[in-house]
């Protein structure tokens, strides 16, 4: 009979009126994203061996890093920059990283007001994170020396 | 003497129902459409040319951005092409995982197709119901790989192993799906207004579909049983037992119902894959630097929106010498000028919605 | 059945009237001014609350919560939206017919005010109790077609023109079944007066005597108010915004206001004619009226958020080939029913 399907549809929408709502109240209830979420990138500077695999894995030349060698002929990072305006968040760089110094994080609030803010100085971000107590600095004797030398 | 003139109206590139930046120059006689001229290319990004300056692995994230509602299917198509070129054997477990994720992505894509189909006919609520269920699939993806739209999941020679908590979540989702499909039938399929808007509207005859080389659910809606998963199995699709649903009349309703029934078949395939999946590694031994020998390869896969195929010419270096993509949408969309004339303006929107176009794949 | 507190507003009106000397001309003028102010306030209130209700109900049906940011549970959202619209630029398209384009939204809201003057909100609460109430109401609301066409034509935009043409075709076609569906009730009550129709329902509501009339009225009223599944005038998936494509700011808001005022009016008419108006036990009459109007409004919202849109030719077919015969059949049945009833109780009717 004509109208049966219409009535069924009305029944479905009426039932859903009293269902549990699935809206997420975003700024109040921050969603907890699964650990594998690729929404931001971070560099654990002491772990980095300055091999440059990340920068060569990147499809868009997002990563530029400069290195130097110390007395014992060991490479260390002098700068590590990411141009987030070009980043696809594909995660190929983190997969290429042999020591997992570069890793994806679940921070997803990456919006900024100015274009320049998308140029990330990854070493500075690491120092900021350590300073704010968000992550613990890994204590490795030789890297500590380098850090010290780097700072002055 | 009053002169009557056809009204030329420009649907798109900015229009709520052209699914992105498709443009139709439509000539109207009253409300009746007399001709449609389709214009594509507003979203051209030079995807094929970009491949020539990327290594084989680096191009995988770009394939995400072809048909962004079915990125894993695109990834799989590309990755399998390169594997075919190199002659790589993929481990069993990886093949099964590829089936599971490919079919999950097909489910998600068809959900968008039927949801936006309803939205274009003016029914807003069913659209959100399909997106509610798509959200569950996206959560599964996010758990596994970290992406929701642009997955970049398979790699040449394997696929990423999902975490432990993926399997119970997948089972829960599969358990909820039959109820959701029942709900779609209740609110969309059975609705008399929806039927009045779609049954008999925009008939693509099998002859026309064959001449234009329409593929995917649009072809099957016209009653031609052609599904690459059955007719030219790639991966391990030949091991699964599933039906290829076909329509009868080739109208908008058939294209819709073929998609819903394909969703049911996808669920069947996922159930079989979950049952049979072996333990083992998910990555084959592939060199870190992918460097296929000189040669060329053509490979096609069945995407939610029709056949997607890649043609790669290798000159022996780490980057493809030439990469050519054949997308389903680009071909399917060509049917519009033949089908739309004679129908009302609102029907053109319905036909376009039933073709389930996606412009990034069309314009590349 | 007894009602408590029904006379509240009537007593206030009497009090004000008394201040100006009862039945003098001054008192009449003052009462008219107050009544019209109340109607304007009622339109604003009805529109603001109905927009919020619409968004809330839509949200609930779609597993969302609807507006929830401004005020308690988002109740001030529409007020904020109205403020925002007031502050927007009033754009006249270069090619628009300025007078037609500018006047159209004012006509919409003006017609709504005119219609709302004859609705009985409670016992003794009819701003203007015309003896041809329903007739006046139908005549004025039929005029609503014209501003829609003015908007479509004056915008000088192809989408708007198509929307305007649809508005004419649709609203005139559905006017006829709408009128015919109310005719059954008029035949039973032998009056056009709204308050008399409500009084006639003290024992039985006309929805029970006229179920077919109610169904036809509800469908035709949905089309008259341009709401889904008959929202072809707006038709956002094919015509972007139909007749309102070129409107901005407050002019657009007036159309929006008019749409919800019309929704209120058709619900109020349904409540008056079919659901017994202010009749009901215990609660004050105007509360009963509000409950019935809200019920009708919910019905229209429910339709909108469940059904897809009809096509323009299907709309015409449905109007002329289904609704019109049904409404005529309803008149015939009512006539036969009245005839039989008169055979049994010769006292009823004329």
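Going by the order they are written in, the chains are A, B and C; count residues from 1 in each one.
The rule we apply is simple: contacts are C-beta pairs under 8 Å (C-beta built on N, C-alpha and C of every residue); 3 or more make two chains touch, one makes a residue touch a chain.
Model, not experiment: these values are computed from the prediction.
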item	value
Chain separated most widely from chain B, comparing mean CA positions	C
Pair joined by the larger number of C-beta contacts - B-C, A-C	B-C
Centroid distance [mean C-alpha coordinates] between chain B and chain A, Å	30
Centroid spacing, where centroids are CA-atom means, of chain B and chain C in whole angstrom	45
Centre distance in Å when chain A and chain C are each reduced to the mean of their C-alpha atoms	55
Chain C residues counted as touching two or more neighbouring chains	61-64, 305-307
Multi-chain contact sites of chain A, meaning residues that touch two or more partners	6, 9, 12-13, 16, 22
Multi-partner residues of chain B (at least 2 other chains)	125, 129, 132, 187, 191, 193-194
Of chain C, residues touching chain B in the complex	58, 61-64, 158-159, 161-162, 166, 228-229, 231-232, 235-240, 305-314
Complex interface listing, chain B residues touching chain C	7, 9, 15-17, 28, 31, 118-125, 128-129, 132, 187, 191, 193-194, 196-197, 344-349
Parts of chain A lying in touch with chain C, wherever the complex brings them together	6, 9-10, 12-14, 16-23, 25
Residues of chain B defined as touching chain A within the complex	54-55, 57-62, 64, 125, 129, 132, 135, 142-147, 150, 152, 163, 183, 186-187, 189-195
Sites on chain C touched by chain A in the complex	57, 59-65, 68, 302-303, 305-307
